[in-house]
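Each of the two complexes below includes subunit A, the first together with subunit B, the second together with subunit C.
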Partner chain A sequence: MQEMMKARAKELLASGEVTRVIGWKKNEFDYDITPALFESAEEIDHDFVYDDFCGPNLSKFTFQHQKNDTKTLVFLKPCDSYSMTQLITEHRVNREALYLIGVPSYGKIDVEKIKADGMTGILSIKSEDGDVHVHTLYGDKTYAKYEVTSERCLNCKSKKHPIYDELMGFEGEVMENERFDEVAKLEAMTPEERFEFWRGELSRCIRCNACRNACPACTCETCIFDNPNSGVDQKAAKDTFEENMFHIIRAFHVAGRCTDCGECSRVCPQHIPLHLLNRKFIGDINKFYGTYQAGEEVGQRAPLTNFTKEDVEPDIVAKGGKV
Partner chain B sequence: MLKILRSQLDELFALIAEKETLYIPTDATAGIAQFKKWENGMKMSDKLKTSRSAKDFFFPQTEDLVSFKKTGKKIDIIDPRTETEDFVIFGVRACDCRSFDILDRVFLAEPVDTYYKNRREHGTVVTLACSKPAETCFCQTFGIDPTAPAGDVSAWMTEDAVYFNANTEKGNAFVDVIKALATESDDTAVEAQKAATKEILAKLPIQNLKTEAFGGGKTEQYFKSPEWAELSEACLGCGTCTFVCPTCQCYDIRDFDTGHGIDRFRCWDSCMYSDFTKMAHGNPRLSQKERFRQRFMHKLVYYPENNEGIFGCVGCGRCVEKCPISMNIVKVMRTLAKEDEGK
Partner chain C sequence: MQKIGVFVCHCGTNIAGTVDVKAVAEALGKEPGVVFSAEYPYMCSEAGQNLIKNAIKEYGLTGIVVCSCSPRMHEATFRKTAAAAGLNSYMVEIANIREQCSWIHKDIKVATEKAIVLGRTAIAKVALNAPLTASESPVVKRALVIGGGIAGIQTALDIADAGYEVDLVEKEPTIGGKMAQIDKTFPTLDCAACILTPKMVDCAQNEKIHIYAYSEVEKVKGFVGNFTVSIKKKARFVDETKCTGCGVCTEKCPQKKTPNLFNLGLDTRSAIYIPFAQAIPKVATIDADYCNMLKNGKCGVCSKVCAAGAIDYKQQDQIIEQQYGAIVVATGFNPIKLDGYDEFAYNESPDVVTSLELERLMNAAGPNGGTLLRPSDKTHPHTIVFVQCVGSRDTTDCGKPYCSKICCMYTAKHAMLIRDKYPDTEVYVFYIDVRTPGKNFDEFYRRAVEEYGVHYIKGMVGKVMPQPDGKLLVRGADLLMNEQILINADMVVLAAAIEPDKSARPLATMLTASMDTNDFFTEAHPKLRPVESPTAGIFLSGVCQGPKDIPETVAQASACAAKVIGLLAKDKLLSNPCVAHSDENLCNGCSSCEKVCPYGAITYVDKEFRMPDRTTKIRRVASVNAAVCQGCGACTVACPSGAMDLSGFSNKQIMAEVDAICR
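Moving on to the complex of A and B:
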């Protein structure tokens, strides 16, 4: 797949159809991948990579490349493609300036799972035929790929690309998944247990804003928490209550727009399962307004910004969310 | 050199905690280690390093500096400082320990930061030598020997024992406390561990990173480098690198309206943020490229220029592990050094 992508990118650059390519490149190790901009065939030959570590969602990186005079080629995994559709729906990117190629994703490896298993001094990781070979200074180990696949990929919502100009490989299907299982566990807790759970998780937050800045649904030009005129701007919370509020407010702000791409949890340096907040909202929206997937098609009306007679009544809150 | 069996570790911690508050690295949930106040039954993490650095002990993410309370026409000015108790941090790695020297040069220089100084004076640092470095480690680049960490007391942990050596007066006091459990020992086991670790260190993938191209006097050359554009291209502008960094020392001071008065507090700031050093005229660094450049210029050029050539990085590798887009000081140094070679 990587070679096909490189060849096609070079072809499109050569023909002048696009002048920039947004893809991934490798860094120091096999597992650290940086989103990158390529402007020549040489750069693509030298650095372009597409493998089981290309987790970063490229949809948000299109922001800086929206000039209408020339097009930018962007490679999108299925989940990136949902984010892109949502960005187009919200008029946050200029569709005309983009050339979108959908590429398949067979599940991305979460290196944190390998590290959590005690592997360190990692010199190389090779993923082939369902096996992941980890070579370290302290010995080698082979995992079955599913053992080290990221949670978001194990619970893949769809292998379909809702938007593309061109598709590479086969078009996938919307997937059956168990992504609401963790949410159900939280819902089964007593309010006190749930409060303790989130206080514990959020107490690790260092307020680096990585979740917000990586999130394709967080597209405010100036975030309310960065705006001195908002009265709530803080670089760090004055107290722990505020710290929790940051995440809860953010989750509310992306409710109905979050496609569940999982970038928030991937980038969190403190391993806070932030995606569970969003999934709770997605699950509730499904329950109260009918199944809805953000980013499924351009121009769709989100349940929270649309009125239908079937909508639940506001007293759903007093009923504790029981329909 | 004093020796304590690893099977006595719980006893040791209890002994220390009897006298002073003790912090040890322990496994938090979600596979990360963090320093926590020791309590009976708490197990020490076997992870190489904590997710957050140890700088929090002396330079916490937020702290109240002063409070103003208004009652009628009277305003009370309250000094909220409570940290007057001695404490011990156990298990600080050589890289984090060096970061204290770097912070000292900032906070203990005139005018002395009394909040920082207060904590520094009350803290005893017990370091722990590394024996299983990670692929992201590059402390050797900055002249740090992870097998011989500094601190008030240096410690080495082998399979069955922990060895201690005091380096300072505070260290001597610590050693006096633990003597009840310890036996005198020669350094055979420690030297053997050092030799074994050094062999591993030589094989680390980033250990060959060099600093020759950097230091004071390089401002003009690197400030204008065309490389910054590409290096900073994918930067999200989040503060992860600065907040997990043991040497990043920038902060902001804000007033928080409590409704009955004002709490003036200080919190970490990040040069990656759009409102960093924002003044009446606006922000002097308008694009992410400039903010990104500031961070690395500070560590590699400005800091050594003002501090006898000492670099503002200790090679702990946290930014290498944590950056959401995997861009870091290693990549920056390699790219700029290559450019320097070509000149």
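Moving on to the complex of A and C:
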């Protein structure tokens, strides 16, 4: 797949159809992949990768590096293409200036799972035929791939690309998944238990803003947390409880627009399961307004910014969310 | 720095009775920014207003807070006061320490504390107020009346009389409403049709009135003075402009088994029909559920016999869009469904009927040509039992908590008419109370008892049991004699409660007009603005606002027309300056605000911005049409970046209020 992608990217560059390519490249370690912009065949030959570590969602990177006067090729995994569709719906990227190629994704490896298993001094990780070989300073170990696949991929919502100009490999389908199981566990807790759970998780936050910076739904010209007039810009600094509110406010902000790509949790250096906040909202929206997947279709109307006579009545709040 | 004045009103003892107004004035006087604080028995009096004016001049106040009644009462008063003293009228905030404080508390200490918090909140808001100027918007000189019963008809006639165009929308094929179905009217016993049909004809002949019968309101946009309404003209499958109403089609139509809804299903009619002889407009309508031609393409008789060539089986629903300055709701009522009342055997026996069904049974144009016969065997009934308050004043789930108001009088009317026409018939009326407030009403009821010998029994019927011989055994309680009563009746008539028409709730949603828990439209003020909805430009006529008899409905319909005429007579309305605006530097152009805007006030423009690195960038940003914006604030909460804000109710002000409450 990687070679096919490289060849196609070079072909499109050579024909002049696109002048830029957005894909993935390796960092210091093989398993540390980052989004990258390529402007020549040489750069692509040298750096371009597509493997089981290419987790980063390229849609946010595309938003940050968009240019209106030239066409950019972007490779999108299914979950990236949901985010891209949402950005197009919100007029945050210019569809005209993009050439989108959908590529399949068979689950990305979560290196943190390997590290959590006690592996240190990792020199390289290779993923081959369902096995993941970890080579470290202190010896090697092999995992079955599913053991170290990231949670969001195990609970994949869809292998379908809602948008593309060209597709590589087969078109996938919307998947059955158990992604709301974790949310259900939280919902089953007493309010006190839940409060303690989130206080515990959120108290680890160091306000590095990685979640916000990686989130494809966070594309405001000026973030409200950076805007001294918003009244919430000091939520981080005042005290620890206010700091926790940062994530709650952010979840409210992306509610109805979050495609559940899981980037927030992936990039969190403190391993806070931030995606659960968003999933709670997604689950509630499904329950109250009918199943809705953000980014499924360009121009779709999100339930929270739409009105129908079938909408739940506001007294749902007094009933504790019970329909 | 703002210089704020605080004015605490006693409202006689309304506020001062439960709130220590001196303590409130004193405490609020110490708030930051407050340079003057006073209390006075009646702030809305001339002397009270002068106190405000003088303080504004003397202390150079930049903003004032009046702690008094609801802003719905006197906000306009105090805004004018401020303007008269040279202060922008939007630099006034009201702290409602009456409805939201003194009236709901009994303990002086608690109420005083709360009044201080409310005052503090208003101070926090006024400190962030900015002067605003109202602009003007034009008034479309045309009214829409929704519902063509006697209420809608009267309102339409009165508005048209004043020289304004009126569109009258009726969902049934003819106007006339419930009154057209009624036989005689209390307390004068004149025939309903005889007094209603001339008004219907007036409507049809008035060139200012345009009747959209068999039509429904589909969509409402805009605001007072400038509504845009989509009206769906349902397909009649008959060309209204060609049909002469000769009725040949209705005679020749082979499908005669269609329930006659005008007679409440008590008999049948043809699939193509004219509801009744005096229908307006007098044109035929095809019932698509029963017409063989429309169902399976086999028939076509009406089309063959129609000399005018008016039949059009391919007719489609048609959407008409029209602008209006005012909208009148006159959607009326229906008797409730009696499915929940098994004890009265309504679903078991055809001889148990509702009062409205009895009207049809007694009507000359009804199923029996005006002779009262039992629906089951068409024999003359000798004993009739009336049950009042079926579903009215009933707090169980199947009933209505309110009094339907008209049942006592029409039951007395029915009883009297039956005794008059059929003196051999015994009539019993079970009642909880007999309520007859109204001109000549009690006299009417007493005539039924004293002259016509109707047996009034205080008590309720417990059960109606159909007997094998076709009789109805009625078991009830006589509470005055304290005994059980058994009556072997031929017919039972149930005075079913009335409820607002089912179309009212979706309509209220479209109009953003408020309703009470019983789905009656709420008036702007229960005593002082009884024919206006709190939503500007929406007016209420007839039973949609609450149970009424005919004289009351007509009076209210004319009152409603007067209010509409008052609005349409104006060329321009001052528009509310509290409208939304977007901070283009923050706007993402994401379209969230546009999607939630109920007025279509938001559009997007591509604009060039200078970036920090001295390059320029073209960005899509929201732009609010201030003339269309109604200041509802939906966009401000939908905006993810906080770019949208509402003048007079800015996000900052609201946060300041919350902070002041939580302090």
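Everything that follows uses one rule, which is that the second predicted complex is superposed on the first by the 316 of 323 C-alpha atoms of A that agree within 3 Å, B and C clash if a C-alpha of one lies under 4 Å from a C-alpha of the other, contacts with A are read in each partner's own complex, and residues count from 1 in each chain.
By our rule, a contact is a pair of C-beta atoms (placed from the backbone, for glycine too) under 8 Å apart; a residue touches a chain by one contact, two chains touch by 3 or more.
Keep in mind it's a predicted model, so treat the numbers as computed, not measured.
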Task: Quick one: on subunit A, after the overlay, do subunit B and subunit C clash, or do they fit? Just give me the call.
output: fit
Message: Just checking: does A:301 make contact with subunit B only, subunit C only, both, or neither of them? Give me first, second, both or neither.
response: second
Task: Would you check which partner chain A:253 touches, where first means subunit B only, second means subunit C only, and both and neither mean what they say?
output: second
Field: First, second, both or neither for A:200, with subunit B first and subunit C second
entry: first
- request: Applying the touch criterion given at the start, work out whether A:309 contacts subunit B, subunit C, both or neither, answering first, second, both or neither.
  value: second
Message: Which chain, subunit B or subunit C, ends up touching more residues of subunit A in the combined arrangement?
response: B
- request: Using the superposed model, determine the angle subunit B, subunit A, subunit C defined by their C-alpha centres, to the nearest 10 degrees.
  value: 120
- request: For A:37, select first, second, both or neither according to whether it touches subunit B, subunit C, the two together, or no partner.
  value: first
Query: Touching A:138 in the superposition: subunit B (first), subunit C (second), both, neither?
result: first
Field: Which of subunit B and subunit C A:221 touches, first, second, both or neither
entry: second
Message: If we overlay the two complexes on their shared chain A, which of subunit B and subunit C does A:50 touch? Say first, second, both or neither.
response: neither
- request: Minimum C-alpha distance between subunit B and subunit C after superposition, to be given in whole Å.
  value: 6
Subunit B and subunit C contact sites that coincide on subunit A, given as residue numbers: 222
Query: Can you list the residues on subunit C that touch subunit A in the complex?
result: 506, 509, 585-592, 595-596, 598, 604, 618-620, 638, 640-643, 651-652, 655
- prompt: Considering the complex alone, what residue numbers of subunit A touch subunit B?
  reply: 27-29, 32-37, 56, 61, 112, 115-116, 120-123, 136-138, 200-201, 204, 206-210, 212-214, 222, 226, 228, 233-238, 266-267, 269-273
Touch list for subunit A against partner subunit C, complex: 68, 89-92, 219-224, 227, 229-231, 253, 257, 301-302, 304-307, 309
Field: In the complex, subunit B residues that touch subunit A
entry: 28-32, 34, 48, 51-52, 61-62, 132-135, 200, 203-206, 230, 233-234, 236-240, 242-244, 252, 254, 256, 263, 265, 267-270, 273-275, 278, 320, 322, 324-328, 330-331
